[in-house]
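I have a structure here, written as structure tokens, and I will follow up with some questions on it.
Letters A, B, C, D, E, F, G, H, I, J, K and L mark the chains in the order given here, with residues in each chain numbered from 1 onward.
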Amino acid sequence: MRLSIINGPNLNMLGQREPGIYGNKSLKEIEKGLLVLGEKYKIELDFFQSNIEGELVDAIQQSGNRCDGIILNAAAYTHTSVAVRDAIAAIRIPVIEVHLSNPHTREYFRHTSLIADVCRGSIAGFGDESYTLALLWFERQR
Amino acid sequence: MRLSIINGPNLNMLGQREPGIYGNKSLKEIEKGLLVLGEKYKIELDFFQSNIEGELVDAIQQSGNRCDGIILNAAAYTHTSVAVRDAIAAIRIPVIEVHLSNPHTREYFRHTSLIADVCRGSIAGFGDESYTLALLWFERQR
Amino acid sequence: MRLSIINGPNLNMLGQREPGIYGNKSLKEIEKGLLVLGEKYKIELDFFQSNIEGELVDAIQQSGNRCDGIILNAAAYTHTSVAVRDAIAAIRIPVIEVHLSNPHTREYFRHTSLIADVCRGSIAGFGDESYTLALLWFERQR
Amino acid sequence: MRLSIINGPNLNMLGQREPGIYGNKSLKEIEKGLLVLGEKYKIELDFFQSNIEGELVDAIQQSGNRCDGIILNAAAYTHTSVAVRDAIAAIRIPVIEVHLSNPHTREYFRHTSLIADVCRGSIAGFGDESYTLALLWFERQR
Amino acid sequence: MRLSIINGPNLNMLGQREPGIYGNKSLKEIEKGLLVLGEKYKIELDFFQSNIEGELVDAIQQSGNRCDGIILNAAAYTHTSVAVRDAIAAIRIPVIEVHLSNPHTREYFRHTSLIADVCRGSIAGFGDESYTLALLWFERQR
Amino acid sequence: MRLSIINGPNLNMLGQREPGIYGNKSLKEIEKGLLVLGEKYKIELDFFQSNIEGELVDAIQQSGNRCDGIILNAAAYTHTSVAVRDAIAAIRIPVIEVHLSNPHTREYFRHTSLIADVCRGSIAGFGDESYTLALLWFERQR
Amino acid sequence: MRLSIINGPNLNMLGQREPGIYGNKSLKEIEKGLLVLGEKYKIELDFFQSNIEGELVDAIQQSGNRCDGIILNAAAYTHTSVAVRDAIAAIRIPVIEVHLSNPHTREYFRHTSLIADVCRGSIAGFGDESYTLALLWFERQR
Amino acid sequence: MRLSIINGPNLNMLGQREPGIYGNKSLKEIEKGLLVLGEKYKIELDFFQSNIEGELVDAIQQSGNRCDGIILNAAAYTHTSVAVRDAIAAIRIPVIEVHLSNPHTREYFRHTSLIADVCRGSIAGFGDESYTLALLWFERQR
Amino acid sequence: MRLSIINGPNLNMLGQREPGIYGNKSLKEIEKGLLVLGEKYKIELDFFQSNIEGELVDAIQQSGNRCDGIILNAAAYTHTSVAVRDAIAAIRIPVIEVHLSNPHTREYFRHTSLIADVCRGSIAGFGDESYTLALLWFERQR
Amino acid sequence: MRLSIINGPNLNMLGQREPGIYGNKSLKEIEKGLLVLGEKYKIELDFFQSNIEGELVDAIQQSGNRCDGIILNAAAYTHTSVAVRDAIAAIRIPVIEVHLSNPHTREYFRHTSLIADVCRGSIAGFGDESYTLALLWFERQR
Amino acid sequence: MRLSIINGPNLNMLGQREPGIYGNKSLKEIEKGLLVLGEKYKIELDFFQSNIEGELVDAIQQSGNRCDGIILNAAAYTHTSVAVRDAIAAIRIPVIEVHLSNPHTREYFRHTSLIADVCRGSIAGFGDESYTLALLWFERQR
Amino acid sequence: MRLSIINGPNLNMLGQREPGIYGNKSLKEIEKGLLVLGEKYKIELDFFQSNIEGELVDAIQQSGNRCDGIILNAAAYTHTSVAVRDAIAAIRIPVIEVHLSNPHTREYFRHTSLIADVCRGSIAGFGDESYTLALLWFERQR
């Protein structure tokens, strides 16, 4: 099993950026934790981060051919990108939407998700454990 | 550790009701699966289901005194009950919002959650695995 | 043939409550009139009234197993209850929505029906004749 | 007793048009069935159909002078015609709004009725039985 | 000078229809009063009334070629007809919008005028004097 | 007969201010024209202009005791002043709302009138002839 | 004189629940304070609290037969319950709406009151003094 | 203790203005009643009324320096004045919002209060008793 | 192949009406140009224009029996007519929506199309070339 | 003549992606078909596709200097990109908006076009024939 | 060069009022700072502050005749006053809108500016430096 | 002191693009003018322009580490980019929002700024002087 873990804009700033909301771990540290888990369960993991909407679209399309599932934190693009949505709809593997914080506790423009209804499921509010739970779900499907 | 698993209106109909959306398992079967998991992880589980908004409010208040966390599928009341919301805000243990299906793929009046922002996190769209993932999260917090 | 006639909140006040809108007959008197009609057409009738949303959900679920149809005046819950709606969607017998007055001639928050689109049909504005017409429809389906 | 049965735009296409929604009977066949019922109850029936909003306004005005009641399926004009509404408000006989299908199960622009609150009552969702129930109501008022 | 006085749907019912709102004069009587005034000021008057939206469009177009101005009570179509609006925009003579009652004191759907901004001016709320004032304006322009 | 002609904010700038919209006549010139008409018809005229919302409220209240009617161009306060509205509702003489231009041809925030439904009638779009027509109406009521 | 003091959902948690908003007094303590006042003014007091919407409907209906007035803190149901509203409209004794905090300083979904316009008056923001002021009003009416 | 009782636009018309809504007492009579009460409780009272928004702003600012509290009936400005709101927020003494009638039973534009959330509490619907209750609250705080 | 080219309200005014928006060609000239093209491609063309909504409904229904496709410029009725929409949905031949100008560059009430989603395709903004492109599409389908 | 044919996000997935909506042809195949047509009419064609919003902005800007027109399928960015809109407004050659499917038959967030009113015309719903019709229009302008 | 610096309601409270938002400087101190700057650049400065909407209208009108520009902090009236807007539109000198804080970081009713589009430019969020920057702009235009 | 001057989409077209709105200066010329000013005040300036949302996010993040402030003209992304907003919120140096024209005088979708409330201040409508004023502000902070 091979999963693609795709992170959207400003998540490269994790650890530095508003730690009250997003926690103190950097993205690298989160990825390391997931790698440990991946090894335990024999799941290969690809990591990708970009601030550019279209590069995320590319990454989703390519993962659709190469992986068995995607764990996607689309960050800001969750709320504005029809293009990311269309990319998810265009592939056949399951995509899990994850968020570190719960968008509903924040500004009103984070209450709308354009991607929720083309994802298999969504997990929000557990910090980096959101990624872990998504990975566990894939593991349990085998 | 002791968790309260609270299910809202019409979830007593699981297995019979619109199986295309909610799956074939009855609530009893889902609870049995969770009990197995609970035993494995040494977590005691209390189950409660009611169709009555105020009884759910009561159950949430009482769990607040007796348990370490709540896994809550408020079903229809997710979208209409300020009372359930106030009950969650009134207690101090973490509450995880779960849904079998992803409300965002359904009618517009299921797109609003009055409880999301007083819950610790939310998990939706994984069928009965939504409960499992919530339980795993509690297990991982110890 | 057996029909369940379910009445929602405040309909136990009929006759006393705002007679300019709801007429002078008590709920008991309306039920008596329907019993006469039921006998004439060999239709058994079950009556239920409650002010409690969840008890109406229970009643709808149970009628789904025991009766051939439901005549439902959900009163105030017509406009606010996703739970009642889900209960109707969860059973397989036809449900007819009835109202004594025409909700569209009243306050704006009575113009929305959360249950209309899961009911077979709706009849509104004929006073207690609304129940009669619903019963006649069931009779004509045989 | 004399009733006017007035049908609005595209109802001349009944039987051909989207039978999944509107059924297989033509308007002629529905009218025949009502004539049989009319004879049984000694009710004279006038039939009128037009695709033109203003001709429906004319028909409603004239029925107001000549008949004891109107059974009106305003079809598309239900949702857009203030003129039809004003015509109903301008006459003194009771008007019953009928619909073959339940508008609330269809597109959002069919959820608004500009005429509901000037009609005595409304009956929707019973196919051609909607007309029958309206006729039975008039019969029961005598 | 020649003016066209065009009246929309249900205004043929004046005098009979809701006299509390529209007064006791029939349209014929209003037109007679205007004729007396027209003679006094040497203004020829053409009268037209129709319940049919498209016939009003026709009348407006034809008056555009034959008259020096239009006094238009579009009644219900004021609020719903883009076609009447386009007809007014398509001609070059001034059109005065008149109303017997003040639409702003009535239902919300009468608060919008689709034609106000293509008319030269509007006069509302003076009963049949609304027509008189419009005619006086034309007289004062000579 | 004695009429009060009350003008709201910025109308003291008439003639200088955006003449494309409001014409070239100053408020003084308009008032002179009305005085001529007033003399002809034996109508005494009081003039008042203020940029201050509350002074207009005062003026309306006082005219209510002293005059037989008010011609009111509330200008910007038409759209924002509940206080002016309440003043009109608090007196018993008829108030006619006038506007030089037609507010519906201008910015969206001029499309709402808070005072229209407490005025007897409204006249808009005729330049300073709007005042004249209002005065003629009072004259015709005697 | 006999008054019914009815408290809605989660008010049984007073003192424990979000004391920053609701204060430190328990509902029992508030009721004790009111009893002292009641004795002073010779007013009998009935107390009722429930988390269940329909039980509040029952209590309001029964108080309508037995008491001279109701002091109602409907809490969350203030904003969502058409049923509570209908119960108030169905009885003849005056109902005073009270709130501990001022709902307008809180979340947007607390800014709407479905019951305000069927209550005689409303008092909000004074903590438990809101109940006291309501009681004083009843006392002053004698 | 010294309180400032500030009344907004058109309240100088009390007794004359729409007595069905506002009662028969003049503002003078209400103030007299309050003076009696003030004497009884040793509370000095300052009275101010103005129709001018900015003068109310001035009065609120000055009371902030000179008094221990404000009883404010902002009338129409309740719904439109950000300036009055800012004045309340700029001072440190408690302000109680009062209304004679309950704004929620009236036109929709009276349902919004721009000042509610900067006031300590609000009392509405008790006629001139609304002022009395506010005064009693101040008395009870000592 | 036989096509029906149906034009809605005010299009009989083409060439005269607002040429800045609609161009200088009359409807007759546009039809002539299409006839030349029709001859070239052996396509028979029926032309119909009406200002009356219901006559367009009739024309669409009849074309459904007699032609292979419809090119429809519904003009103002595009934005207001559910009846025209229902007529299109009731027939089986493809209907192409055309507009001379692009409705999106004009008033906001032209931004909504009630017919777009029951038409096969839409072409807007090319002046009379919009009709030509629609005809070419039919030609290319053979 | 030289045209630029620019395709937005996810259109590189054509043929694979939701063929029920977008058809079975790949973008390459569509481009081949257009090249054949281009040769026939002596029109040079440049092709560009990108998933990245800003690269589309670049491509539009550059085509503005080098080509005689643009055929643009902005896909998802049609509904969200003010940047693409501004790029179109910044150049001087005509841009034709094309869509394979009719956006109005799909999700509500596809009903808004931010670019429609800066394009010369729009063609939607004809599958890959939408491009062909756009090309034919350019050909006919020579 | 002569500039008018006009300040709206509650700005006379600066220094005392919510210093967390508005800073510690009084209006007098800000004006002193500007006078120093004015002397340096040979710019005469007129200062005006009022809490009364109409006095601000007067001041803007008079500055239009006497000065070369206006620096306007309309405070609360920015969001509610069409009259202030009309006054700005009625004069010919440039008006710069300034704000101490950034209205977009505050309550939603401060997000709308009725005057922004008739001002030459706007500067917000720099505390009293907002005035300085506006003055520097005028200086740079010479 | 080192400032980063970041320009968003289509600003590379300045001088060519809609000069009526944006002026005749190219971006290069504006940057030259700022360099002169920078030298005068000993402020180092970094310039960056991109049409790609994510590259702007990158630039903002990097400037956060390397500079003392950002002058940002996000152009079209001002209104649509939550990602740009999040980047600003993620860094610690002050960001000034600038616009050449005043967005409030343009299309409605330019009236919303997603970034205003995370910027220190905003300056709009002064053409290239907007940048100058922002730079002067930074200079004055030293």
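Heads up, the rule we're going with is that a residue touches a chain if its C-beta (ideal position, glycine included) is under 8 Å from a C-beta of that chain, and two chains touch if they have at least 3 such contacts.
Note that this is a predicted model, so its numbers are computed, not measured.
> Taking J-L as the reference interface, which entry in E-F, D-I or K-L shares over half of its contact pairs by residue number?
Same contacts by residue number as J-L, out of E-F, D-I or K-L: D-I.
> Go ahead and note the Å separation of the Cα centroids belonging to chain D and chain F.
The computed centroid separation for chain D versus chain F comes out at 48 Å.
> From the mean C-alpha coordinate of chain D to that of chain L, what's the distance rounded to whole Å?
Averaging C-alpha atoms per chain gives centres 63 Å apart.
> Hey, how far is the Cα centre of chain A from the one of chain D, in Å?
55
> Of all residues in chain K, which are in touch with two or more distinct other chains?
Counting only residues that touch two or more other chains, chain K contributes 52-55, 80.
> Applying that definition of touch, give me each pair of chains that meets it.
A-B, A-J, A-L, B-C, B-G, C-D, C-G, D-E, D-I, E-F, E-I, F-H, F-K, G-H, H-K, I-J, J-L, K-L
> Please name which positions on chain F make contact with chain H in the complex.
Answer in residue numbers: 52-55, 57-58, 61, 80-83, 85-87, 89-90, 114.
> Which positions of chain I touch chain E when the two form their complex?
Touching chain E from chain I are residues 8-10, 12-13, 16-18, 50-55, 75-77, 79-80, 109-110.
> Which residues of chain L touch chain K in the complex?
102, 104-105, 113, 116-117, 119-126, 129-130, 132-133, 136-137, 140
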